[in-house]
Amino acid sequence: MAITVRNVNKRFGDFVALDDVSLDVPAGSLTALLGPSGSGKSTLLRVIAGLEKADQGDVFIGGAEATKLPPQRRDIGFVFQHYAAFKHMTVAKNVAFGLEIRKRRKDEVKRRVAELLDLVQLDGFGDRYPSQLSGGQRQRMALARALAVEPEVLLLDEPFGALDAKVRSELRAWLRRLHDEMHVTTVFVTHDQEEAMEVSDTIVLMDHGRIVQEGRPQDLYDHPETEFVMRFMGQVNRIGDVYVRPHDVEIRLEPNGTTEAAVVERVLHMGHHIRVDLTVNGGDPVSAQLTRDEAERLGLEPGRPVFVRPAKARTFAGEPEAEAVS
Amino acid sequence: MTTVALPRRRASGAALPSVAPGVAITYLSVVVLLPLSALLWESHKGGLDAFWQAVTAPDAVAALKLTLGAALLVALINAVFGTLIAWVLVRDSFIGKGLANSLIDLPFALPTVVAGLTLLTLYGPNSPIGLNITYTRKAVVLALMFETLPFVIRSVQPVLLELDREMEEAAASLGARGHVIFRRVVLPNLLPAILSGMALAFARAVGEYGSVVMLSGNVPFATEVASVHIYSQIQSDYVTGATAMSVVLLSISLVVLLSISALHRWSSKHDR
Amino acid sequence: MIVRYGLRLVALTYLALLLIIPVGMIVAHTFSGGLAPVWTALTDPDAIKALGLTLKIAIIVVPLNTLFGITMALVMVRREFRGKALLSALIDLPFAVSPVIVGFTLILVYGMNGWFGEFFINQGYPIIFSTPGMVLATMFASLPFVCREVIPVLREIGTEQEQAAATLGARAHQTFRRITLPAIRWGIVYGVVLTTARAIGEYGAVAVVSGNVIGQTQTLTLRVSQEYQNFDHIAAYTAALELAVIALVTLFLMNLFHPRKDH
């Protein structure tokens, strides 16, 4: 089911959380609401869920007006950052909750719970309590619980935020696979642009209550519309008005007419790439990212004078995009 | 006293003069332990027979029955109204809520005899609404309701404040309506606090004297509670009778206090 | 929502009928005959003596129980030893004992036929039927408050600050005075408020122990019940009002110093 949000406004006292936000989420897609804290992304998600009421504007789910409906009637599944597990119930009872509310038959509930626990790889954990589970397991339980009632829309609020890095990356991959199997319209909130790029079809980048740019991950990364977008989506070097990504900084040992002079300050081995910190023209600090082969070939070391040019650069505020010809 | 051994070694950091703990223990012994031992000694002195006779005397049994029955009733009333009031104080907001919240502690601050007198103004012989319940068992229950008011409320409030609202939101997102959310998600998490408050209310009600004595008329076999029975036994110099009933009441309080500790241990099982 | 207003109505009605209206009526009843009878009752020599005795008992009991409470809290939180649970139960015992039983056990110890009764009577310092007995009864009844309020505060501040002070060269008593005491002071204050309220308001235990000799061993609380029994309602209500005012001041202070609040 598609989601449509039209001209939604929301304030908390003096703080403007959502400023005339409109959005179309296609049915069956996997969309990330991305942005820094305070950007309004969680608020938007909760307005879609009905956990917050917009001051103005409308929400449509599957074509039907949902603005006035409480969360109970919106046919959504919601997953919270801190799991919101019913700590007084077993894992099985947690997952069964939505079905029991709908008065489904006992055998059907049992079957479905078993199915879901299997899906989230928690089979055998049914009789445990949430307090006996790890963070990652609790979140998988929360997901199973949300999916149990076969919602039309799945909403996740920073679902992996409370987990450590390794579990996070496992669950990200897992969410993507799940979506590929089930094709439920899914919207999730994150502040981590890597996560958004890894998991979603579409990224909606927000800042200060507004949607700044919407599109595929590569569109936001390669064709950012504002400086904010470029900075948020990845590392950026700024030289005067020109913005360059570290991996677009070309280092040469000889000048060629389009290069600037620079001095190598530091060479850092970051594992899968090499980072080279330089000072350009005696002033601007620049960070370049090279592959190990490239770095080896150039034989860089601190103090070495070199020459740099941007292989690809951007300027903003009305200036045409400057593309270097290599 | 002999099982408490004060250690030689000290935790690093602050300490009082080394004689202080010894003085404090002596103080505790003189003020609490000594009188308590006298009671236990007295209860053994007459032998089991005399004790049993005093405890099973018809007026003693009547007093005990009334006391326990009223205390239980009041514990249940508090379980319902206390939880309700705690809910309103935590989740609702209205003018005067802060004042109402502070007033809840009034029974803790007001002397019991004054509480009795206050209730008499509204529910006694000169009641402006014509409701005179003095000399009835209802008066006993009313006095106990006043004195035990804060227990369940103050027990439930902090739990309600700490309760993860997201659990309720999750239940809503799964389709549960308000009363279902309360019954299946909120109440189970409040239950230990409610029970704990009930136990404290019960223990308090069992020993209550000042407010009840003003209100109930203290008629033996009708409106005389256990504490008043003890008082009249003392006045008549029936030491055995007073001792027996005292030991019974003390034992009941002890059992209740132990169950509260057990309750705390059981309820923190699922926390993490 | 209807549910919300309904719950609010039930809660407020319950509180009004049980708490608020009766207390308001005490004020009304006291002044039902005007200001003059109240003034007479307040300045009655027996009434003043009762207030004096009440305060005298409190001034003895509160500081002693405070010192006890702070000491015991330090022992319970900062030391390890066997029998801690027993000690804790002993300290909490007064909460579980009916006031009448408190008075009774004191009679068993210090009464005429009691363990030490004869000894004290022969020395000319009878305990029962006199002020010392009432002091002991009030001590028993108000014992746990300071200790119970200081213990959680002491636990929460932990030992790190004290250890830091030690590494900087502070001796134990210096650490206590400069680091620990300031950290627990609001717990102490709150405990003192509760102890004082209890000491002033104690009834059952002193009723048993005092023998109720008017003018001699009558506290304010005893005066309330006695004057009511003697049908001197104004005197009873006036004494009750005095106590109610003290209780309301106590409530106010409790609210001010409650451990929930950050100071």
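Letters A, B and C mark the chains in the order given here, with residues in each chain numbered from 1 onward.
Criterion: a contact is a pair of C-beta atoms (placed from the backbone, for glycine too) under 8 Å apart; a residue touches a chain by one contact, two chains touch by 3 or more.
Values in this document were obtained by computation on a predicted structure and should not be read as measured data.
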Touch-based graph of the chains, sorted into line, ring, star, complete or other: line
Between B-C and A-B, the pair with more C-beta contacts: B-C
Whole-Å separation of chain centres (CA-atom averages), chain A against chain C: 59
Whole-Å gap separating chain A and chain B, where each centre is the average of the chain's CA atoms: 54
For chain B paired with chain C, centre-to-centre distance based on mean C-alpha positions, whole Å: 16
Touching residues on chain B, where the partner in the complex is chain C: 3-7, 10-17, 20-21, 23-24, 27-28, 31-36, 38-39, 41-42, 81, 84-85, 87-89, 92, 94, 100, 102-114, 117-119, 121-123, 128, 142, 145-146, 149, 178, 203, 206-210, 213-214, 226-228, 230-231, 234, 239, 242-243, 246, 249-250, 253-254, 256-257
Sites on chain C touched by chain B in the complex: 3-4, 7-8, 10-12, 14-15, 17-23, 25-26, 28-29, 64, 67-68, 71-72, 74-75, 78-83, 86-87, 89-109, 113-115, 136, 139-140, 143, 159, 162-163, 165-166, 172-173, 175-176, 179-180, 194, 197, 200-204, 207-208, 221, 224-225, 228, 236-237, 240, 243-244, 247-248, 250-252, 254-255
Of chain A, residues touching chain B in the complex: 49, 51, 70-73, 76-78, 80, 82, 84-89, 97-98, 101-102, 129-131, 142, 145-146, 148-149
Residues of chain B touching chain A in the complex: 164, 166-167, 169-177, 180, 184-185, 188-189, 269-272
